[in-house]
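So the structure is just underneath, and the comments pick up after that.
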């Protein structure tokens, strides 16, 4: 058995640098956050252990609203990202001239520093001077300028769209890779049987990229749930708190109001939510992908 | 080696005038060095706070005076007591903005007040007297209505985005109606004066720029500069910009509410706060006072364009106003102006205020209810 | 146009139109903000805020692309810093992640699943929330106000996804290759270096690119909090230099953004082939 | 009906001519096998018939209709891929039902059809399983099932058995032959395994570098290969070749000289062969221990005892290739011990200097009556 | 030296016993082939010998040293993988040199060794190419080259030919046999192809579900299979089995009754067989047209004409399995036409009710002298 034991020791040697690094740089602050969530830490020099107070404070009607809003926001953002990503990947996967260039052209939102991308959207949403409102007026679709960030309903969607925009390149890239991994002969077989392009997409492409879609949507979900800059720069969670998600609320509490304890409790809560998600995800995927191997 | 006073300096680069006086001070205090760290406006204050919270405070930082109470209560900054002479040198009420528990906690370094700008061409177009700006809220609302109805152009620019200046703008209305948010340790916001201000907000909204909650004051100002709104309330910076446009404009004191005792405005100051625990507190205070003393400060604030209002009366200021009368309304408002309310959790307070304004502007709540709700909420932030 | 040999790829005219229309819609969504940003960069400041909206800028010019260097003199340095930081971060991430992914892909040991999950959990906490504890840590380590202040936390937050990506890739390399080397007496480390590393190169490329870009994007918050020295500031912080007290110099800001991302775009342009195929392939075609 | 005509079919990849004007007619109900070495263009030709690859020149005609520009489904063909191309996410039932679902066939009828196909292929018990759970042979049958339900005029198979192991391959060969008789459909089958070709085909088409080397019934190719290529390709172990000189020509055949031994090979001579270098071909199974019309002694270096047969490999003087003989199972041969062997002229093949065969005097119908009427099989 | 002893070797995967106490001795220089159906544990056993998989029980002893806990390199073995496991990024030279580089062999010596191996394997011209540019057979040789340079005591091969096509497989078989004689090393070879086993092995080990079903020389397994499993597994097409009843026992053998015909099979009887249901086994190649000791008429449904041979498949009354006969190439058989056939008792195998063979009266040494002394081959 010594052969095996050596291998295990070696595996740990390989892992050690990465594990240690992450442990020191991230795990330590994580534990710090966890401990903080049970204290009344603030700008004050002294902190006291307060037990569950921070957690019990969180649960009120407003926060319930925030949670629900976060879920809805995340749900729509991830779903739209996946839909657009799959759509884009499908288009870019077709054998038409120029697709290499088109593939490159999908990347910029991913590359540009996030804040800049958001500023550009801010410009687009501007009612008086922005492109969307301007175009709509030009084509006579509306007669007064539309300020997209003014109303809770439009601002909610505007932030989602921007989040989608930032996430789409990576999703598209992964979906494209997943599609390219599907053996060509499956399509040829289906075509020989008379299946048209759309039918092939629906019955072959879509089912076969489902595992990749699940992985991607989970990674995307974690990122989206914690998506901060977009809402912060565009609306600061307003108007009337209608775009305030959990992470915004956490930031406002911890950094804005310097209530580090309460902020930490919120952060821990976010992590718990996401962990539950991920466990469910692993359950679902292991069931979905079993028996599908060729 | 030199002893260092680190200074978090907000902006994109150090003002040459400050640079000059830092040199001068360093020359007078051998062995001392002032090391400014330039941080963009957006993150400036957060950075100073983070550093202090993490236990490595900077020597001195440029902060909004509104946060001084919070810092002081958490024992992060040291008091910067002023002599009576020093106090007297400022315009009235200014020292109040940095005073708490009978002590001064910062040295005012920048000051701003607001006045009403109006577009004379639009007034003319709407059949209003272009040389006669509204003096009261009622006139203002009526003018806005007439502009909107006659020309289709928005009559008033109301900023209500989720941004700190949304509350500032509202506080101008509160102070032009002799209102108060907090009196000592008592929340007195749920008063007829404040309610009237909120009601006025509701009344003027229909004639304001569409989608008030999408704009903060700079964006509203841009719309005014574009000639697409009849009136706005803005700082002195707007005047400098208007001179570059073809717009026919005027500037007047803010219109007054029914309970007003005189011209009023919100007095916003930024201060230099001296942080505790650096070991150079005394020298930092010394430097802070030097750099804000009438000489350097006078040079700094009267450069124009930055939107600053002078902190102290002086012959130079008078000269200046004479040369450019558009300065007058900004200085006249000081007498009856009020400070930003000081709260322990200033951000919490501000959020409640913004929420209140937005809920009224978007029609989600009646002014009375919104006011009651906000007044209740802010109790927790004292 | 050359007709493809595979008839399944031959499109009817209306399919071609459909596909290009689809691509057009998709790219419009993706690129519209850039168009807006570009137009903004061309307009003189005074014209920016003017309505009605004009798509084509009146007397637009590339003036901003010149003045941006003047109004923020350190801009070239910021771009360099970003590149420098991203390069180092990418290198460190690779050094840490390659052995770890190999361990995850090849060895069965207790707690592997748990550890992998733990890595994923790192991504569940956003950096913003951890800022203060991180700051304390950086101070303890004495890294504040150095390049390291930006690199060190950056690496930590990029490790998890890199491990996930590379592990999947390595799992597709036939196990026999390791075994053959093992039988021949190669140590695990020798196998990793001489056999796995070269074969996993396409996958490593993908990880390198995503890490590089990730680092490019993430620098802002760390740079802001943990670094005070202008000479170490990266591009995103540099861009904030265009925000004055009263005024944002929008046209220069946008111009600077375009100039700033140009190097990364060029890199992507040349590497996109590897990106897609590196994600797809994995299997070693013998 | 399922009649196929290939008229000067060409295929270019860039400048590279993969198929050089293939001319072939396949009768309705025939089982035609394309064989040839790897890379000779078998798959390409099949895919062009299927409509998967574009045709660079010539016509493909099915039942009188030129189909060059028709998509596969309109050609009335069904294809079974080498990799089976089963949909991994669908059950066996759904895999087989796929073509019918495309047609939007009514559920009741669809079910009946799929079940009928499954019964023919002994897949009744597997209908609810996913392809991943099936063995190679079962997968292969699912792929065939998917082809069957469409009731195509022509079945196309691309090396469908190459992924199976030997035993399974033998079983599936028989099953396919049975299926062919049952369905009476035209089948075109690609393989590079000549045993498959010999056992299943009504007619074999031997391809060599994009050209048809010979077309004919299996035994015709075995007994009367048209050229050295076909002679070497058909038969296992492959034919032995010996360099000989033509010394005379008569009605009885061609007289040759092999290292001093003379013999008359019963083939039809063509003009001007005398004195030329010819190639004598003899199959391993026609070499006998002892003597024959031509006799020689070999020293086997490797002996393979398969039980029923013994295969001996030897090197001949001055030849680089192995000389191979298939002997009966208990043959008394031993490695490195010289062995006297002989061949009969009746078993010999003779090729001219460019490799074209002289026609042998062999009556094929005496071997298999079916050769008189191939489609009756 | 390269002597291997497996002593009660066991392997568990969880609760599943893959190998059930394998006992085997391999002599130095022997070529031993493990055969068995898929999943019987061949690869697992080989990998345990190699040191890639851990042993759950028993000892693996190489040259007297228990190696259970030694890493592969210390066991003196080399392994050739089914997929060849060539390093795609290294040239052929570097692939072959890999084990020597690991040893840090001095450059000069290394080069000489690699070139020597390349010469043996006819790879001299390919040394600078990458594996991706080689054909299957060439890749296979590179993999062997990598094993050779280490000069191991024991070579292990895991189905090295299964990825090659039939013709190449035959060639490589011969090359491997030659190589074995050249290197005189112990070789252990895993395959599920019984032809490979028959042609290459000094000794075959037939595995069935984790147990050794029989060990012996190829012809021993062919002529004297110990049980039905081995009888069916060795020989192609596989042996036919008929249910018979034992009606008597004598010194000459066992008298059996097959549908009324009686015959005495020359096997050594064991106690109490009379009246029992036995199984008669007869190989397809032992069925002759006409008559024999036992005669019956079959109606072939499928005829495969391979040229040299004709294989006829028929169904017998009341049997589900195909009955198969291998006849000579020009046999006058036709599908669906009844055919009188017979078998001789000397060719028959007889198995008891649990499938254990009765020993046949056959002198193996009369067939192949090598069986007297297998390692001399």
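Every chain is named by a letter (A, B, C, D and E) in the order it is written, and numbering of its residues begins at 1.
Criterion: a contact is a pair of C-beta atoms (placed from the backbone, for glycine too) under 8 Å apart; a residue touches a chain by one contact, two chains touch by 3 or more.
For each chain, UniProt lists the protein as follows: A, C = ABC transporter permease; D, E = ABC transporter ATP-binding protein.
Because the structure is a prediction, the values reported are computed rather than measured.
J.: Spelling it out: a chain qualifies if it touches chain A (ABC transporter permease) and also touches chain B; which chains qualify?
T.: In this structure, the chains that contact chain B and also chain A (ABC transporter permease) are C.
J.: To get from chain A (ABC transporter permease) to chain D along touching chains, fewest steps?
T.: Counted as steps through touching chains, the separation is 1.
J.: Identify the chains in contact with chain B as well as chain D, in label order.
T.: Per touch definition, common to chain B and chain D: A, C.
J.: Given that chain D is a copy of chain E, what angle of rotation, in degrees and a multiple of 5, matches their CA positions?
T.: Rotation angle between the two copies comes out at 180 degrees.
J.: Applying the contact rule given earlier, which two chains have the most C-beta pairs between them?
T.: Going pair by pair, the biggest contact count turns up for A-C.
J.: Would you mind pulling out the distance in Å between where the CA atoms of chain D average out and where those of chain E do?
T.: 27
J.: Measuring centre to centre with CA averages, how many angstrom lie between chain B and chain E?
T.: Distance between chain centres, rounded to whole Å: 94 Å.
J.: For chain C (ABC transporter permease) and chain D, what's the span in angstrom between their mean Cα positions?
T.: Spacing between the chain centres: roughly 55 Å.
J.: In angstrom, rounded to a whole number, how far apart do the mean CA points of chain B and chain C (ABC transporter permease) lie?
T.: 40
J.: By residue number and range, which residues of chain A (ABC transporter permease) touch two or more other chains?
T.: 128-129, 145, 188, 191, 255, 260
J.: Can you tell me which residues of chain C (ABC transporter permease) touch two or more of the remaining chains?
T.: Chain C (ABC transporter permease), residues with two or more chain partners: 4, 6, 8, 48-51, 131-132, 136, 240.
J.: By the touch rule stated above, which residues of chain B touch at least two different other chains?
T.: 50, 53, 222-223, 226, 228 - these are the residues of chain B that touch more than one other chain.
J.: Quick check: in the complex, which residue numbers of chain A (ABC transporter permease) touch chain B?
T.: It is residues 42-45, 125-129, 144-152, 155, 235-241, 252, 255-260 of chain A (ABC transporter permease) that touch chain B.
J.: Under the stated contact criterion, what part of chain D meets chain A (ABC transporter permease) in this complex?
T.: Going through chain D, the ones touching chain A (ABC transporter permease) are 50-52, 71-73, 77-79, 81, 83, 85-90, 98-99, 101-103, 130-133, 146, 150.
J.: In their shared complex, at which residues does chain C (ABC transporter permease) touch chain B?
T.: Within the complex, chain C (ABC transporter permease) touches chain B at residues 46, 48-51, 72, 131-132, 135-136, 139, 144, 224-225, 228, 230, 237, 240-247.
J.: If you look only at chain B, which of its residues touch chain C (ABC transporter permease) in the complex?
T.: 10-13, 37-43, 47, 50, 53-56, 218, 222-223, 225-226, 228, 237, 244-245, 305-307
J.: Tell me, which parts of chain A (ABC transporter permease) touch chain D in their complex?
T.: My answer: residues 183, 185-186, 188-195, 199, 203-204, 207-208, 210, 291-294.
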